[in-house]
Amino acid sequence: MMRNILSILTVVAAIIGLWYLLCIPMNMHEATQQAQRAGAEVTPATASERLQLGGIALAVQNPTLWPGAFGQDRPRLPSPDQVVAELWNTTGAMVLSGRSMTKRSLVFHGWITLSATLLGFVFGTGLGIILAVGIVHSRAMDMSVMPWAIASQTIPILALAPMIIVVLNSVGLQGLIPKAIISAYLSFFPVVVGMVKGLRAPGMMQLDLMRTYNATRGQTLWKLRLPASMPYLFASLKIGISASLIGAIVGELPTGAVRGLGARMLTGSYYGQTIQIWSALFAAAILAALLVGTIGLIQRRTLKRMGMQP
Amino acid sequence: MNDKTPVIQAKNLDLTFQTNDGPIHALKDVSLDIMKGDFVSFIGPSGCGKTTFLRVIAALEEPTGGSVTVNGMTPDEARRARAYGYVFQAAGLYPWRTIEGNIRLPLEIMDFSKSEMRERIDRVLQLVDLEGFGKKFPWQLSGGMQQRASIARALAFDADILLMDEPFGALDEIVRDHLNEQLLRLWDKTHKTIGFVTHSIPEAVYLSTRIVVMSPRPGRITDVIENTLPRDRPLDIRDTPEFLEIAHRVREGLRAGHAYED
Amino acid sequence: MNAAARSFGVSLPGFVLLSTLGLSLADGSGLTGVAIALAAVVMGWFTIRALAEHFKTQRWARLAAPILLGVLILVLWEVTVRALEVPFVILPPPSAIGSKITNSMPLLWADMVQTVVKGALSGYVMGCGAAFLTAISVDRSPFLKRGLLPVGNFVAALPIIGTAPILVMWFGFDWESKAAVVVAMVFFPMLVNTVAGLSETTAMQRDLMHTYAATYRQTLFKLRLPAAMPFVFNGLKISSTLALIGAIVAEFFGSPTLGMGFRISTSVGQLALNIVWAEIVVAAIVGSAFYGSLAMIEKGVTFWHPSQRG
């Protein structure tokens, strides 16, 4: 356990170190520009000559100007500390000053995205489980619906998102619902496929045992198939919730929405606010991690109580 | 025939596995010399450390006490000198290679020439009665055929020391008899040193020059029985009084090990 | 056979007749048309049930059932949309989408080349290749592997698609930025799968190589890589879908006036839904063809694996 943590920390530290290192060539053009304006010596001397050079070459020729690559207003690549500071300023600091639900707060934008994600996820998984139960019990559904559910995993159904947003917008539906629909169908298919596998997990012997009890199909479902499917359910819930979140974020792109994490990324990219994009991206990543982590926690608890995991 | 130089020398060997349920003494104070050209059988109840002992000899397991030398080297040096042909308790063939491909595997690793490979593959396939199955994949063969293929794989590169862990356990009596005969003939011809784990008393007596009886908890050697049968052994030697006499002694040894347990 | 003949004798002609009827008098027929379509759906479903009942083991039935379901949905969609005169800007009928596809072949082709061949495929090859090589190079260090596996799993669950605006900013509007997004999306899933696959050997297989005193390279090429192939292909298949999604969605953040994502986002804005649907159909075909060909190669390479033998 300790060794694992040490390994993970090393990898993470290496990534952060690389990130800092990458900041230098990425932001060198701007750094030399600023230094020159401040009256410093820069090689090569003119901006157009510098544009001919790559970031690395420029960094090598101006080693004294490296500090200027950090802390810029609109860097091409913000440094980790800038992103963390921005994240803190738009979350923790805002909560502390009681402005957590204002337009500049990522807590606010995160909540907008999260609410659509959760609403869609609940509907998507609910319907997915119901359909999976249907598929397991009806051969006709198994033969006709299942191939489509599997095929849906191989095609970029996310591409439907803009159309759903715009069409629903044109009939007057805005905000939460259209995004939730996207989240719902993105989590729906993985749950169907995973749950069908899970509901079929009990072996022939276990099913035969239920038959010797003369158990009804409902009893077999509740007492055997559903419990046996739990590991599969949680595995697909984790996939489903990440898909839902991505759906909600992408759903915020097409209409020029101004609220939500996706909208933050989009406006950030319009105005070249790289720090804003990065902090929205990290907020989304943290949100995803929290959601998947929560499901993992519930999974551990549930499976433990059911005795399926030590 | 036992007056030659020892190939394998184990002295006061200890091996303790640290498990979550506390330490398991798989081997305790095991000392044994195996001479060049010896055919040593290991027999004993399940869990008495037979597999573990073979694994220590082949440098697959590190003893926690005592010493082993193989040809005067450490087991690991002997391994790197490619001294071992090992037949595992299960066939363990690679499913993505044909039977021939599996037999070719050690030959590829040891850089044999193409023609040499061909010749050896044909020879060992014939030895284990699998001619015509070379192009099949392992999962297309029965368990016993797979086990024979794994024996062929161990024989293919002519290691000096053959370590066989219940190689014939999964086979029917007739095939087993046949392979026993083949193995004896091979051993007679090549003067290999063989360590052989079995649960069958007749098999142990029929094949070996010495029979090592082991008992569990902790795993140790309780008896070493010299086999006085002549080296030339037709199958029906198993009905002779000499044979039955030795088998009886082995059984007594096994009983004694069990009694110790109670 | 008699029972089969009886159930097919009613449902199949019923489905064909009702469908033809519905399609021929669809336009503006209002609820009558919808009722006929629903009746056709019921008949179609009975046909599928008859198929499942009497021909469940036949190959052709396994193929016919999902196709029939697809036809059924298309009929319902076509008749309902035309009967209720649903505006094109909300939902065009399949026939309109079909004719749009046949009419705009050159455009769709050019978009496909831009997005799939230039963006998705190049990024896919680079990303998967880099991940594969990374996996092999960290393979010798258990320390790094222990750290990389959880970090990789974590990153693979994050909404990487959010890096699109940043990468578009860095690499410009053309396909290079799309390829970069695809690289970012496929790298970690592929890495995690390959790393996991490389440790997928049994103790006995490794012991065997040990008794041969095989070198690291020999063990890698003769044992661990072949044993890893099922996992590698799993990574490749997951990545193929991600690559298409990445390339399409990245175009929402900026692209030349070409590409499937560009076409979808701009046409949605102009409410030209025909072409949007056409692009989605193309995406679906490309996606499943890509996935299907990977699955076929997989069958050839991992023929020995129990999942392929069954």
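Labels A, B and C are assigned to the chains in the order they are written; within every chain, residues are numbered from 1.
To be clear about the criterion, a residue touches a chain if its C-beta (ideal position, glycine included) is under 8 Å from a C-beta of that chain, and two chains touch if they have at least 3 such contacts.
Quick caveat, the model's predicted, so the values are computed rather than measured.
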Chain occupying the most central position, where position means C-alpha average: C
Centroid comparison with chain B (C-alpha atoms), farthest chain: A
For chain A paired with chain C, centre-to-centre distance based on mean C-alpha positions, whole Å: 20
Centre-of-Cα separation between chain C and chain B, whole angstrom: 52
Between chain A and chain B, centroid-to-centroid distance (C-alpha), Å: 56
Footprint of chain C on chain B - complex, ascending: 55, 58-60, 79-82, 84-86, 88, 90, 92, 94-96, 105-106, 108-110, 137, 139
Complex interface listing, chain A residues touching chain C: 3-4, 6-12, 15, 76, 138-140, 142-148, 151, 153-156, 158-160, 162-163, 165-167, 170-171, 238, 242, 245-246, 249-250, 253-254, 261-262, 265-266, 268-269, 272, 274, 277-278, 280-281, 284-285, 288-289, 292
Touching residues (chain side chain C, partner chain A) in the complex: 45, 48-49, 51-53, 56, 61-62, 65-66, 68-70, 89-91, 143-148, 150-151, 154, 157-159, 161-163, 165-166, 168-170, 237, 240-241, 244-245, 248-249, 252-254, 260-261, 264-265, 268-269, 271, 273, 276-277, 279-280, 283-284, 287-288, 290-292
Of all residues in chain C, those that touch chain B in their complex: 202, 204-205, 207-214, 218, 222-223, 226-227, 229, 302-306, 309
